[in-house]
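Please read through the structure below; I'll follow up with questions.
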Amino acid sequence: MATPQVVILTGTSSGFGAAAARELTVRGHTVIATMRDPDQDGPTISQSMGDNLEVHRLDVTDRASIDAVVATTLERHGRVDALVNNAAYLLLGAVEDLAEDELASQLDTNVIGPVRTAQAVLPTMREQRQGKIINISSVAGRMTGPAFGAYCGSKWALEAMSEALRFEVSPWGVEVVLVEPGTQHTGAQFDNMSLVRALREGNSPYEAPCNALIAGHQKYAANRPGPRTVGSTIADLVETVDPLPLRLPIGDEAALILGMRARMSDEEFEEALQTMDNDGFPGAYFKAARQENHAS
Amino acid sequence: MDEVVEQLPSQVVVITGASRGVGFETARELAYRGHQVIATMRNPDRDGPAVIAGYENRIQAIRCDIGERDSTEAAAVFALERHGRIDALVNNAALLLIGAIEEVVDDEMHDLFNTNLTGQMRMTQAVLPAMREQKSGKIITVSSLAGKISGPAFGPYCASKWALEGLMESLRYELAPLGIEVSLILMGAYRTQIQFKSTFLTKKLQDGVSAYQAPCEAFVKGEQVRANLNPGVRTVACNIADAIEFPDPLAPHIPVGFDVHRVMPLRQRMTHDEFEAMISSMRNEGFPGSWFGTIEANPPVPIS
Amino acid sequence: MTDPQVVLITGASQGFGRATARELAERGHQVVATMRNPDRDGLAVARGYEDHIHPARLDVTDNATVQSAVDAALKEHGRIDALISNAGVSLFGAVEEISDEELHHVLDVNVVGVMRVIGAVAPGMRERRKGKILNVSSLAGLIGGPAVGGYCASKFALEAITEALRYELQPWGIQVVAVEPGVVNTDMLHGNISTIAAVKEKRSQYQGPTEALIAGIRASANRRQGPRSVASQLADLVEIEEQLPLRVPIGDDAIRVMQQRNLMTDDEWEAFLSSFRDEGFPGSYFRAVEEQGAK
């Protein structure tokens, strides 16, 4: 059994974060499970868990809250072995429709958030000459498509920064890993999905294909696995003693898309997406867009 | 909290070798997710309670020795009498054998095949009549990198796993028109109890008279240390549960584990000469590094 | 041109074994041509090469015959330079219907049988720090297909054995190779095809497609090369003094499979193989299934 690790996770109120926090707790590690609203969301993840799970408030857009959690962790446990940057959300909408504040917010949470938390733990990890920064990316960090520009943009940015960080911190024995799941059945695809204002207020020229995409994507996501497997995989990463790869794609969807990406030219890939005949992303978008063009 | 997706109909799943390791964890993960599990094992009186604990209304532990045809048929009968159908079979029970090809004794090899290959075939055959009638079902077999690559002292074990790959690949084509799916879990290195107990060595090794004694002992020792460092098989169990719940067609292989993701592309892309050179140059503690390291330190003396 | 080699071949009464024995003899080597019934089959194999081909009894499922054949060969010739493990049996039939005994037998001959002979021959080779072990595998050791699952299992296993053995014997300078012939026009395909009882007794749920597959393979074999191509490749491998590769596919079908399989994902390969409809493996099987469904 790997020695118990001290692990800080963000965004643990639901989805991968919750699943990973619970899995690590069951496996006997010291889990600092953070979320924006522990009073509301804390009890659901801590139920039936031992006292090696602690729930704390942390908002990745609020540096003070980050520093407070790291300070408390060091005070109580003396070290930080792993940081799991999971807190993120999906902003859906066409690039033309993105209001500046909406885009800024997406990047603030999905990109700058993980950078803030990494910066908060790195001094400790460098001193320890050991640590893992596990960033939850996505298939969306390696491909993109209509209505996903902001979200994919944020995940591509996370990938690029993680790859750079990996080079920077490896001399101190600190590892950086990107986890890339495909679509899973989690709140991120449903209640936690944000739509741009233009869509919500019904004045987007992209309304029809975006709505078709949302409906199709959610129908698809409803049949995808829940987050327990990704949670277990994240726990494995924390426990693995051998050197970790930079990227870890998870699941059949990731394998398919990344395989296509690796083997096809950009033109071939674009053609493949445009002609994909699936219910969800991107098929539903293109089908609706084609119908609209015929109608007008 | 969206941890478990609730709206799936409860599946009836038969698992072999469910007393520990992948079988054990898969049985409990499926039960957690609301499915009905027939957890089969050789000694349910001794090992059953631990598997069932907390899921008494979802897991039944029964005896099955896949080395015996009657036993496999009885297990299928039990599942059908209890639940009326069998939605999935997880072929998991397996034995390990370590030793040089040259020194393996007939019985050792046949016993290994009897469990690792023929046993899986028997259990599959036992559940197929029900699946045929249902016009649906999933045969999920636990395989590993040992089914895709082979190496010194692992020849017999890999042979049994490669054989299983060949058998299941063929079965997949045969059952496709019947709506029954066949898939192999391709798992990497995890902490499982199958690893490296002394009873898994060939007789020659156990007796200390093998021509390959030193390199075998070196890597076995290394692996016994390493085995405790690998993560446990929870993720494998979750992947199997996902595959059982998945409404779309299953891929022929479901890879699980970082080493799988690292090694398989190399295996496919490299020539064998390149791959062999890479493996032969490894000097990690355990397999295969300790094997090659020991030989390098003590090569057979050339004849002058 | 190498010095005359002493080569022990199993299953030398017909097919690849016989052709290889005669090819090696033609090239001046000494061949211990082993078979189950040398009294019945030995003369024909050795005809014209009686100084080079020495028939002997060896049944790969019977350790006593293995040991005595090897002992006799060593006594007579002082050494065995190359072992060609060729004896093998086929098995046609769906996985669902293979009996325990049928699977046991194909493994006993094709895998454990090979291991028995290696067990008897390898110690001598290690002592001399020299030797070659050539295992006759098959295209069916590289890919699986409908109605040949038992055979594929045995040949996949042989591939794993060969790969492990190669590492194991390398320190003693012994070379280990698997050759993978594709469909070749041999007696084995026309006479000695083994089918599972369910098919023999015409009660298989896969009767039509299985029979169609066998007929299709036989028909396609008639259009393909005979065993001499395999024989001359094996003889070359015996003679070549340089580092040999692990796998040697023989025949355009085997070569193509080896090249293409690794370039494709599992799904792509499966779709590709499943699309075959021409006469032979596996097209005849899929065509028959399709025609059945249409009724």
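In this document, chain identifiers A, B and C correspond to the written order of the chains, with residue numbering beginning at 1 in each.
Operating definition for what follows: contacts are C-beta pairs under 8 Å (C-beta built on N, C-alpha and C of every residue); 3 or more make two chains touch, one makes a residue touch a chain.
It should be emphasised that the depicted structure is a prediction, and the values quoted were computed from it without experimental measurement.
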Most remote chain w.r.t. Subunit A, using mean C-alpha positions, is C
Taking each chain's centre as the average of its Cα atoms, which chain lies closest to the overall Cα centroid?
-> B
In whole angstrom, the CA-centroid distance of subunit A from subunit B equals 32
Please compute the C-alpha centroid of subunit A, do the same for subunit C, then give the distance between them in whole Å.
-> 52
Distance from the mean Cα position of subunit C to that of subunit B, given in whole angstrom | 28
Contacts with two or more other chains occur in subunit C at residues none
Hunt down the residues of subunit B that sit against at least two other chains at once, touch-wise.
-> 251
Which bits of subunit C are touching subunit B when the two form their complex?
-> 63, 94-98, 100, 103-104, 107-108, 111-112, 115-116, 118-119, 122-123, 126, 128-129, 140-141, 143-150, 152-161, 163-172, 206, 245-247, 262-263, 266-267, 270, 273-274, 282, 285, 289, 293
Inside the complex, what are the residues of subunit B that reach subunit C?
-> 69, 100-104, 106, 109-110, 113-114, 117-118, 121-122, 124-125, 128, 149-156, 158-177, 211-212, 251-253, 268-269, 272-273, 276, 279-280, 288, 291, 295, 299-300, 302-303
Touching subunit B in the complex, subunit A uses residues 1-2, 13-15, 18-19, 22-23, 27, 44-45, 185-187, 222-223, 225-229, 231-233, 235-236, 239-242, 244-245, 248-249, 252, 255
Touching subunit A in the complex, subunit B uses residues 1-5, 7, 29, 33, 191, 228-232, 234-235, 237-239, 241-242, 245-248, 251, 254-255, 258-259, 261-262
